[in-house]
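Here the structure is laid out as structure tokens; the discussion comes afterwards.
By written order: A, B, C and D. Residues from 1 in each chain.
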Amino acid sequence: MNSLGTGGVAWHVAMKDLRIEWRGRVVINQVLPFAALVMVAFAFALDSDAVLQRTAGGLVWLATMFSTFLIVQRSYAADVDDGALESLRAAGIDMQGVFLGKSLAVMVELFLLQCVLVLVGFVLYDVQMSLSGWGMLLVTMVGATLGLGFVGVLYGGLIAGAGYRETLLPLLVLPVVAPVLLAATRATESAIGVSGLTIADGWPWVGILFVFAGIFGLGGLLSFDSVVEG
Amino acid sequence: MSAVIELHDVVALYGSHPALAGATLRVNRGEIIVVRGPNGAGKSSLLRLCAGLVAPSRGTAVVLDHDLSVDRDRVGKRVGLLGQRNGLFLDLSAAENVQFWGQLSGASAAEMSEAMQRMGITNSLATRRVGSMSTGQRKRVALACLVTRRAELWLLDEPHSGLDASGRDELDEVLRQAANAGATIVLASHESERAERLGARVVSMSGGQVVS
Amino acid sequence: MKDVGFIALTYVVTFGAIIAIVARTLITGSRLSKKIPDQDKPWI
Amino acid sequence: MNSTPRTEPARVGTPATRVFGLLAVLFLGWVVVGGLFITPADAIQGDSVRIMYVHVPTAWVAYLAFIVTAIASAGYLFGKRHSLGFDRVAGASAEVGVLFMALTLMSGSLWGRLTWGTFWQWDPRLTTTAFLFVTYLGYLAVRGLGGTPERRAKRSAILALLAVLEIPLVHFSVLLWRSLHQEASVLSSDGDVKLDDLMLFTLLVGVLGFTALYGWLVSHRQRILTMRDIEEAKGIDLAISERIAEGSVR
């Protein structure tokens, strides 16, 4: 019995999740249009270029957060439908690997989604940005993706073990990811240079994003096995 | 013959209710055994205990040389439990499901295709989405996953339910082959005529005990 | 007293909610307590 | 407050809880009478300071309740026996905490309307409190998901400990967020309160009274949760024996 280590399990789980997503194309066909629609709706509702440019950063992250809920729900739906998650656990598969794998798959989807949203945002809201601004935005996206992915998969697992309840996930996750929302928004605003913010103002926020991701990544690794069992 | 399952006077609780109330059972390697009994007799609990999912709160339980009261976490790797649900990914094809489980347990590509062959999952069936398959076909995919995982002990909870007559015969054939190949199989069932066809030993459960 | 409405509202809501919860606790407590035999209650 | 011992027909209360109940009635009685009528109005805040006599103690109890939930959850998770007693204390304490936090937010925003002219201010303390409130609403929802008491206990204990990770992060990031744009200047009126002896005494009595009430509520509700678990276990036993009976007929 040469079963795999954590890394191997993570890799195969991530590939499996991404393959399922590719089959269904739920993120591409439903989540992405939903998120883009949210942003267009804001453009209509605010109807002022000046306001839009100031709030562009926040809008991108708000849309990303809502999409996280959908992506995580989708990710667990495939595991819970026929009891596959239970089987994985019963078969003694390394649950830390499963946690990392599911997180990785969610993060890949989330990151691609963000790329599109950022582009949409820049076109719709007519935002200008310097080269170093783009650099900061990229780092911010990575940090926020890590945090949102870990938290989403961890809390999703908590309710997946108890028969999935769709409405519960936002209630649980929203207060937890508030720091990500704040930090990513501020970092993005510094990247754009909204209301006198400079690039230097953004780095502490980027730091928060990575600290957050680190804490919840570790928390997830330590508790996921027990989380799924319950 | 060496024992794969050795239970002596095992008590296991579901909440405060004793799901097993002093069960004693010995199963040898390569054996097929049918556990018969009415609903609530403790058949499922017996299987879950042997899979390491439930802790024995009294008595001795040794499965595949693991003492369940000490290291029940390690039994799961060597045991295949198939309950009411198959644990498959419905959006993936049969081959992809087998591949996923095979890769997790380090099986080679040859082993995976052999496992599918043994379960009669060939060409067109192999590439079909599991979600669009019949109950019997799904069972076969799930069993193929057990084979690729090289599960030494198969614990099957009512595997015949939901299958038509030919599906049942097919399943029996598959199980016989698996036993010949060295797997030990414990089936929970409330019908007994399958046992004869399988050439299996039959034990009965009642009130959380193995009565015969 | 200035702003008497706001202050009264605070007190009424606070103590009203507390009285309601206490009452509900007492009612469910006594209802359940009649169903459960005394030897099952660890606090007795 | 009808938490006096004699309203107890069926033995949920014990001498200890009766002491808590009695103290709560006495102290909170003083808060109502003293807070509303006897204490003087504040020189700066005027009569709105009277809201403080209930606002500050309920806030204190809410935070106390969540700390107790966290400690009891850790006790369940890391204790050798995984005692469900810890889990029920955690659950009861969170229930009471959510109630008191709702009251705190309510009285706080009424006070804010009088003092700042607005019901809500996105300052760090308020924002953190609001997120804490939502977090524990989620905690209670997860407790209600079902399963055996052991599963419920484990799941909710993990959730409570994750909340301990979450709250400082939320607080810190909101703090940093606000400091960039505007100082929380409105809050400085908080510190202007010059309490005379009687006002300080009333506030102290309020803290003691609400804490006693917390003790009473938690011990009662924890016992109710215990009885619920017992009742549910009986229900399951009954269902199982019915299933067995039905199975053997066939």
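To be clear about the criterion, a contact is a pair of C-beta atoms (placed from the backbone, for glycine too) under 8 Å apart; a residue touches a chain by one contact, two chains touch by 3 or more.
Bear in mind the structure is a predicted one, so any value in this text is a computation, not a measurement.
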| item | value |
| --- | --- |
| Of all other chains, the one whose Cα centre sits farthest from subunit D | B |
| Innermost chain, taking as reference the mean of every protein Cα atom displayed | A |
| B-D or C-D - the one linked by more C-beta pairs in contact | C-D |
| Centroid distance [mean C-alpha coordinates] between subunit D and subunit C, Å | 13 |
| Intercentroid distance (Cα basis), subunit C paired with subunit A, Å | 42 |
| Inter-centroid spacing, subunit D versus subunit B (mean Cα positions, whole Å) | 48 |
| Gap in Å, rounded to a whole number, between the CA centres of subunit B and subunit A | 38 |
| Multi-chain contact sites of subunit A, meaning residues that touch two or more partners | none |
| Multi-partner residues of subunit D (at least 2 other chains) | none |
| Subunit B, residues touching no fewer than two other chains | none |
| Interchain contacts, given as pairs of chains that touch | A-B, A-D, B-D, C-D |
| Touching residues (chain side subunit B, partner subunit D) in the complex | 14-17, 37-41, 190, 206-207 |
| Residues on subunit D engaged by subunit B in the complex (per definition of touch) | 148-150, 233, 236-237, 240-241, 243-244, 246-248, 250 |
| Complex interface listing, subunit C residues touching subunit D | 1-4, 6-7, 9-11, 13-15, 17-19, 21-23, 25-26, 28-30, 32-36, 38, 40-44 |
| Complex contacts: residues of subunit B adjacent to subunit A | 51-53, 73-81, 83, 85-92, 96, 100-101, 103-106, 129-130, 149-150 |
| Partner subunit B, residues of subunit A touching it in the complex | 1-4, 8-9, 12, 16, 19-20, 23-24, 78-79, 81-84, 86-93 |
